[in-house]
Amino acid sequence: MIIVMRAGAAKREKEEVLDRIKELGYKPHVIHGTTRDVIGAVGDEREKRVVIDAIASMQGVESVVPILKPYKLASKEVKREKSEIRITDSLSIGGSRVIVMAGPCAIESEKQIIETAIAVKEAGAHLLRGGAYKPRTSPYSFQGMKEKGLKLLAKARKASGLPLVTEVVNPESADIVAEYADILQIGTRNAQNFELLKKVGRLKKPVLLKRGMSMTINELLMSAEYIMSEGNHSVILCERGIRTFETATRNTLDLSAIPVLKGETHLPVIADPSHATGNQKYVAAMSFAAIAAGADGLMIEVHPDPEHATSDGPQSLTPKDFSALMKKLRLFTDAAGREL
Amino acid sequence: MIIVMRAGAAKREKEEVLDRIKELGYKPHVIHGTTRDVIGAVGDEREKRVVIDAIASMQGVESVVPILKPYKLASKEVKREKSEIRITDSLSIGGSRVIVMAGPCAIESEKQIIETAIAVKEAGAHLLRGGAYKPRTSPYSFQGMKEKGLKLLAKARKASGLPLVTEVVNPESADIVAEYADILQIGTRNAQNFELLKKVGRLKKPVLLKRGMSMTINELLMSAEYIMSEGNHSVILCERGIRTFETATRNTLDLSAIPVLKGETHLPVIADPSHATGNQKYVAAMSFAAIAAGADGLMIEVHPDPEHATSDGPQSLTPKDFSALMKKLRLFTDAAGREL
Amino acid sequence: MIIVMRAGAAKREKEEVLDRIKELGYKPHVIHGTTRDVIGAVGDEREKRVVIDAIASMQGVESVVPILKPYKLASKEVKREKSEIRITDSLSIGGSRVIVMAGPCAIESEKQIIETAIAVKEAGAHLLRGGAYKPRTSPYSFQGMKEKGLKLLAKARKASGLPLVTEVVNPESADIVAEYADILQIGTRNAQNFELLKKVGRLKKPVLLKRGMSMTINELLMSAEYIMSEGNHSVILCERGIRTFETATRNTLDLSAIPVLKGETHLPVIADPSHATGNQKYVAAMSFAAIAAGADGLMIEVHPDPEHATSDGPQSLTPKDFSALMKKLRLFTDAAGREL
Amino acid sequence: MIIVMRAGAAKREKEEVLDRIKELGYKPHVIHGTTRDVIGAVGDEREKRVVIDAIASMQGVESVVPILKPYKLASKEVKREKSEIRITDSLSIGGSRVIVMAGPCAIESEKQIIETAIAVKEAGAHLLRGGAYKPRTSPYSFQGMKEKGLKLLAKARKASGLPLVTEVVNPESADIVAEYADILQIGTRNAQNFELLKKVGRLKKPVLLKRGMSMTINELLMSAEYIMSEGNHSVILCERGIRTFETATRNTLDLSAIPVLKGETHLPVIADPSHATGNQKYVAAMSFAAIAAGADGLMIEVHPDPEHATSDGPQSLTPKDFSALMKKLRLFTDAAGREL
């Protein structure tokens, strides 16, 4: 880490910083600048973040600049080759194939979920998505069918052959969800629910980790690190839009996060254009753009009857629109040198 | 709700919207505009938010504008007079007295928490804050002393006479925290952890709900509504800074949220200048400003030795600085016509 | 416009609003709701925005919701077919061909600009970009070669055959820039410099209007409207990143703005991945993504020697990298059904 | 500046960086870290920002961290004592007196501006504000009375005795505005209109520089530096709200900018709660908060008839409300140990 001293810091202040650095096990290097001194402290500050705060609190210190990235297991410095996360015997994410997860926001009925499963399968989707436990902004909104919904999902898997991705909202119900799901999804509002991250880190199922609405890329990788540090290295990251001042779309899909993440981590990265834009009119364009930016997959909302959906109707595609999107998507996966 | 039709929407599309509105139990009023039609739908859309989404998904509809606020129990329309939340026999929040909660970010040792408790009590604080369960961005950071920390908190309460506010991070450990705490704190990263909100809504302790880093004021009130709709109406709101592009402070303390909230809700509102600014240099100025803006209280980090704190040292005041702040604060509570 | 009255607004207050609406030439429609009244006012509020503010200031009014979009000339409601902006006899923007503008951030020397012009021409670029007048955050940074730079640009046009796009920073120097440039660029910091917009609106050259760093899509269209309302309808919009909390990239490229703009306006839309990301590592991925999202063109920084550039070196591609990007770009323009 | 090399950077890459640093006149210090090397370069990088970009563009370099603040004349390192800006013989800003500027957003008529001037004077305001040149988002909105408005302002000054602050929107009309105004205001949309900043830097009148809507505090000081580097050191900074995701207020008043600025610069800082909140209901609370946070003054919109204002009616106070605000404000200036 680099410690920038204040211009005019007292000699005694500098000495105390040097003593503290040595006491903490670092080797200090003083650089005498034109207006202030800078102290380099050599050592691995990653596991002792508190050190940075402690030194920043000292008299005469203006700021402390960390040099190492705070994540390890998620970083390319620790594992250079891309991770390919195995979902089933025949399906993995992070390889050359682009993976599409499609389905309704919420499971509403047996008919709805099975019809959708078959329709998205026919259109070429690789996984079925659908929420049984729904985190909703309002307590008066539909909160999901819960375990009954999981059972319907299982039926839809049987009917369509598609593996399942569904959300976990609570450490308590994580085990039951894990019995049914092929991928456990952590939603945007729980992306820093560390108790939940630790819980899924102890389960043996791949985890789809959505970026929090106001989370930096760095923090997303720290949340992945939480899961990985508990032993579960099967983490798939998902860019789903960040909160900005723009209101024309529900959130702002940050597609540059894809190449940035590709440079920092070996984990696969997918995009969710449905939640990001909140409007089915923009889903196709942003799906193509995500693939062109290097995404390993997509998560897309499809509902047989968006006008009667219990949640997120405006952003859901009909099966017909989804099928048209998949056809055009192939042109872009080809351009990107990947299969669909 | 108001439904804005697209310019040039087909007659059939308008009729379908009208039919749908009636089917949902609303009374439609059509206004023929110069370029497009607008339909007013009279009825209480609050408990059926899905209706808005459903209609927004219909052909020929450009947008749907809700008229009613989505919260009820938290709103001033339902309860006009200010709520005064009773903490102990002699202490309540939301009355004419400004309440100050002070203490360390994390409990680190018996000595640390008891010393701090006595010092902040002497300086005039009304509650002791201190985290036993710590949500930290990094899995490698200190995660709190957990139940052992709660026991130390209880000792500090005994030693100082100050009631306690401490964080709940998980529905599973909420009951044990509630055994010790006088106020249950929901942290910024859990402000939309709806399972946790429902859990504390079923407990009989006042809840301090911190605004999420990227939460609108509307969403904060919806999270309060979650707690209240489970039966617990003792909710105190806390503005603690929102995430913006500015990096000179850790977050941007949104003090205008205070008069906005005062106009919308009967619940008390406090501010946390320590987490908002992330820098002890700015805590006093923002404490005074929060009171001038109308806050009912403050939450301030105090640590006997910030340079050796296990978390958030740079934003912690020493007991001496805190004591000086409290003296000056009295001038501002006087100006605001309140006691301290 | 729709006027939402406060719950419990007095009868007199409602009557005054109705009188005011009629006085302003609108036809009012009252809808009696369950908790409050809503008044629809029929008429074209677009040219009298002040009306909305005036009514919002009245007693008993909670909010006013405008129905019409505030722009006209830029809107698809006024002109449905896509505009194709003619640059030279053989080049236009907004048709089926994707147009690439490439070159250095700033013109530094005759050698630099001519070499770059020839190199980007060979790689397939359609226009040469290069700044003679440079708006820089610091007064101590290089401010551009000014008219001398324009003359070098003209030489580079002659040497390469590429038309020129260059920035205008001031109404005073706009005429001289217009003598040399084929397209006048309005930079992000001047996107709401209305005096400058009016000035280029009176010139006879196409204008490339960059989105301001914190401008909504709506405001971008209003700035286009400023230019168009002065008579110049040859406006090309450019998404170049918005300011958000994320710091991994210099700005956040808002690619969903492209399909949103395509739905609202007939004007062409291009993207600038160099300024948006601020890092040459991410330029190729975001170029491909912009085309997949539907952009009509790209603006890319190329410098023969980024390490010695006077500005924006870290985001500049070498001619070799640019050439590789163009080759791969063709795969994506093909996928999008467009020529390059 | 500190140069962080990539983990595994080649020896040759390091040598090239060292050579470049020396060539640029800096003295390099290499610190060999556990995973990567860090190079400290001693010298004044402030006037050669391009150096940082150039080195960041080199092979093997991961990032470059500047150590010095990019501003000089505005910084406390160059001038430690607070600047008191002289407006007239009897009025200055930045001393112990809190200064209030009040008046309408736009000048509309002789009657309006003179009545307002007299009313705000009676209530205790120190300056009259009023716009003759109005930068408006829509070309169809009222653009101000221009020179005719300036003449009316002058009459209002004569009638009330209050000095004038009014906006400059264009280098061309700056001289004429300077003939009438006592303070030249640079609006939020022109805060990085560098040509305009340089122009007012060459005039002999104090400048009120508003923070741009998406400007960092650092950038605001760089814009002040533009004005100061041309010779005009009479700059007053104004916090007027930044653009965030929150929509309950028009912008988010960033009051922590006040103590941050007070720590960085000797220039006075005032706040504009009217434009920040966009709602007269919140102006008083935010005025008190700004003073408590340490502001040297306020700019407040007052209109004799907000319902008939040509702009910004919803945020304007009536003279009666303003007078009530001023009375209460005195309690807070007293608490802050200042006069009003």
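Labels A, B, C and D are assigned to the chains in the order they are written; within every chain, residues are numbered from 1.
As a convention for this text, a contact is a pair of C-beta atoms (placed from the backbone, for glycine too) under 8 Å apart; a residue touches a chain by one contact, two chains touch by 3 or more.
Everything quoted here is computed from the prediction, not taken from an experiment.
Annotation: the B-D interface is duplicated by A-C among the options A-B, A-C or A-D, judged by over half of the residue-numbered contact pairs being identical. In this structure, the chain pairs B-C and C-D differ in their number of contacting C-beta pairs, and the larger number is found at C-D. Distance between subunit C and subunit D, defined via averaged C-alpha coordinates, is recorded as 26 Å. Note on chain placement: the centre of subunit A and the centre of subunit C lie 31 Å apart, centres being C-alpha means. With centres defined as mean CA coordinates, subunit C is found 38 Å away from subunit B. Counting partners per residue, subunit B has 214, 243-245, 247 as the residues that reach two or more other chains. Against subunit A, the residues of subunit B that register as touching in their complex are 20, 46-50, 53-58, 70, 135-142, 169-172, 189-190, 192-195, 198, 212-214, 219, 222, 225-226, 229-230, 243, 280, 306-314, 316.
The touching residues of subunit C, when paired with subunit A in their complex, are 214, 216-218, 242, 244-249, 252-260, 263, 276-277, 281-282, 285-286, 288-294, 331-332, 334-336.
By the touch rule above, subunit B contacts subunit C in their complex via residues 2, 4, 7, 29, 31-36, 38, 40, 42-44, 65, 67-68, 77, 243-245, 247.
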